[in-house]
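Look at the two complexes coming up: chain A is in both, with chain B in one and chain C in the other.
Now for the complex of A and B:
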């Protein structure tokens, strides 16, 4: 009973957090300088060499928006739509629901960053444990300094260095072809060809994601392993003559992993958010790239939709991990 | 003592590497532990008791080094062997199966993520006892012997038990594999007086029921008096006196043992008779010459400042390291 109400409390809190952030974002995007109509008009004038009146006509026809409506009314309307699961229409692609656009881009990001996160976490965990066990050995020094080094480089720099070295200097990888999420003409379908093409385009962004995040996992796991190794129960486990494999997994590994689980929740939450730079660089058709485009065009509904999704993933991930954590750690099971 | 020898410690020397130099924590210690016997290891904080205990199962920290000596263990069946020469795997099997050590202040001695029962089972399983029902039965019996509710404790996680309960769980776990030797390092410090009492009673009963030898590390002399057959006094890493428990308390021949005994309040002794030993133990990195106790010793002579005393035999079961032992007489009994 106690646990049920705890879960319920957490869910209510999560929903409230989502509501709060959604509302904030609604007002913040409208505080950004410039509005979608002005930006569209100047774009038409520059790119299509239209006159201002021509551009204004076309913009008015496209947007059919009443920007004179008080913001509060817009907000109420937005919330009403949201409750019915409607994110509104995109300003830029007329007649297309913002949700449709977002869900076209979302799977790419989930696949690319999601698998990157899994690889990064697993590799980081294993290397960190090895470094912790073999503390101060050449192996540990190698792993730790490498981890600290790449952990300190921002992901876009890693990406650029990778492109320069592999593409230009060594000329091994055809980056012109790798750009994008799919090669021209390839359709999403269940075929080997499709899968191959997806991997061909995704592996470099995934690798960059792994490289730019694995260092932190390694260092975290190493310090957690090191401090767990000093716990009494590990010494006592040795005194009990337990097999080394059991001590490593059940005694050290499981305990050392606990602090990383919270960290993992945060990272899962930022899967969607953590991809802007890489997606833009590789012209990968993911949510990160979409968000940047939408902000530039002041496409409020799409921006709001993406932020809403990011918020929901962050909050849900935290909620899930909290509940999972209490499964993993008996000490916080009863609240 | 006619019982056969279980463990023969010879010239054991243990050092710690510290920033200032070598800490000589245990110096040239030799004694025999007999089957079924309980030896109490007493001495001030820092005298090397824990270090000695840990060395017996080779669990000293990395900074420590067993510099010399041998630990000849006599198993119930088979040939004696030197614990210091065991391979990794043999050492693992030796630990807990032959010699279990219950640690000083081991409040976090159990894995917080596994139930007590699971930890009994994995201990047994790693020592080739693969019958979970048998293990559970035996484990719960031991838990009952240490006065715990077996069913509840078996299914508990460590954090659900109090400190005293955890200490008793560890003692029960220590006896699970029926080791020949149980080392208890300060089993009762940090416990309230009633729990202390319970543990002492439990240990005494257990030793009657299950036949094992015990090394009891404690600076609590009343504990030693109740449980021990012999008392070993350590000072600055040396074993300075080894005597039967009565001899140690009433006929101590080493001024340091005498000082320890006199610093214990008893009901009979008047409070003004109580005296603590003046001064403090020597720096173990730069030991003074001669007898290490001489700066604090009221019996000290010129010879004590020059040469470290050898081991001298008072009688068959009483050995002492003191030049002046013939002059040392416990005034309480005189």
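Now for the complex of A and C:
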């Protein structure tokens, strides 16, 4: 590469990645055998007994594609629409832009996944630091084994076991009421009642996100803490007779945290992706559940939109972290 | 070779987690590949004994048709394991090729390959899989394996590339180069044994990911429902509301526990493998 500026190079790469994935998704949806456009056309011909040209016209209007043009031109048009923020019309709810539907579901997922991620990160950081600091003590062995154990269990199985044990066996939690994202009759508004209801429905999915990701953070933080403890500046701090607590927080913790920030950025996209099994289990009205419903209903503009949003999120998060790092650690900028 | 094996077994037996992992893995493999020949599966509905709790006759209870849950677990593991292993192997082959060529060729190939790896890593696999499973109606769950494999290689490829780049600079590799050893000798005798731990661990972790993904797809009903398999049991149990009713708890817990225990076994075994191949990790005894 001839471009000297690290920042510019990274931004170009990010834009290129988003472009490439969007294009791949377009061609998968448009060209694969059994692609939704062909299926929609044959469906119209059979169910509404339309002629092929009629069905083609209707499909063209719906997908906002012009079939008389070559695929490459259609693709350029699709990209042009995207740049204007137009994701196309939803098939399932006719006449509604796909973007409107996605943005109705998105806040719920962001709230649940976001708070789950924050809790999990903080708890994992603290436990991992303790485990790393007291390495090979019973406390460390306890924390690390538990983290490894829970980290190996798929999130949807944690959810199933939680529901079975807390709901059916012990009968502590009323899951029939907890399912969904709002109780019937409750409207989004600024009131205590609304907030209470949101939390009542959200706390179990949040807990599941925490349980299924916290083990990973603990183990990462432990190994990061262990290697930071071997650094010279820690030895010097000890030699100076600083208090252990001060060393733990000011010297080790801050430095050991750095590599985990990268992971945090990467994991955002993956937790959103993981939400689709969890949201389906809890009938939570978020993007994950919407993705599954849209795939089953072959509502591809919505599917493409969700994939685009996740891609943009992951790429932007990675970009921000890389740029932040290059500020903090000048060695990265030189390659 | 035999000596090596003995050594490995000794290392693993010193590590309780690894030992449990190894024993568990052998148990699960025997259960799923030999078990079905020893314990026949009676598919016939028996309405007089639906949703029974565990007893000596049915150690994991019975399902909505009065069939034994434990027997279904024995019969339902084979497909899950074959898909996981095939997917893991495919991803390993691609990762070794791409990672190896990237490290040795460098230059433009390296740039393109690593950019491609980044792109594949960007969209979470499970979303790509769901999308494709929605487009192509799979006729056979086994068809999932190549698809999962083709999406799982990037992490491993990057790791292998990094390992080769780092090993290449080691003294003993430089020494054999100075001694005029062939490239094949350097790669297969000097470098490969040092990467085996990483590669095998990577294979097992790819397999656990493949198990997660195939079971989500089957559980959510995106892959055809036929045959016997843990994911399918989960799907049936869930769709019958077994999760919310006290009497059918064992129906949904049986496949859940089977998958959880199998995943735990694999991860413990992977950790033990790391220790076998990396003596520095061994605890001083």
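Couple of notes before you dig in:
Note that in this section the second predicted complex is superposed on the first by the 274 of 335 C-alpha atoms of A that agree within 3 Å, B and C clash if a C-alpha of one lies under 4 Å from a C-alpha of the other, contacts with A are read in each partner's own complex, and residues count from 1 in each chain.
Operating definition for what follows: a residue touches a chain if its C-beta (ideal position, glycine included) is under 8 Å from a C-beta of that chain, and two chains touch if they have at least 3 such contacts.
Please read all numbers here as calculations on a predicted model, not as lab measurements.
The superposition on chain A brings chain B alongside chain C with room for both.
When the two complexes are overlaid on their common chain A, residue A:295 makes contact with chain C while staying clear of chain B. Looking at the shared chain after the overlay, A:157 reaches chain C, while chain B stays out of its contact range. In the superposition on chain A, A:231 makes contact with chain B only, not with chain C.
Judged by the touch definition given at the top, the superposed model places A:95 against neither chain B nor chain C. Of the two partner chains placed around the shared chain by superposition, chain C is the only one that A:270 touches, whereas chain B remains out of contact. In the superposed model, A:138 makes contact with neither chain B nor chain C. Annotation for chain A, partner touching more residues between chain B and chain C: C. Contact with chain C, but none with chain B, is seen for A:314 once the two complexes are overlaid on the shared chain.
When both complexes are overlaid on chain A, the residue A:70 reaches neither chain B nor chain C.
Taken over all C-alpha pairs, chain B and chain C come no nearer than 7 Å in the superposed arrangement. Residues 17, 111, 115, 118-119, 122-127, 130-137, 208, 211-212, 215-216, 219-220, 222, 234, 238, 243-246, 249, 252-253, 256, 259-260, 263-264, 266-267, 271 of chain C touch chain A in their complex.
Put simply, chain A touches chain B in their complex at residues 231-233, 235-244, 246, 250-251, 254-255, 328-331. Put simply, chain B touches chain A in their complex at residues 57, 59, 92-97, 100-101, 103, 106-114, 122-123, 126-127, 157, 159, 170, 173. On chain A, the positions that touch chain C within their shared complex are 1, 13, 16-17, 20-21, 25, 28-29, 32-36, 145, 148-149, 151-154, 156-157, 160-161, 163-164, 167-169, 171, 175-176, 269-270, 272-274, 276-277, 280, 291-292, 295-296, 298, 303, 306-307, 310-311, 314-315, 318.
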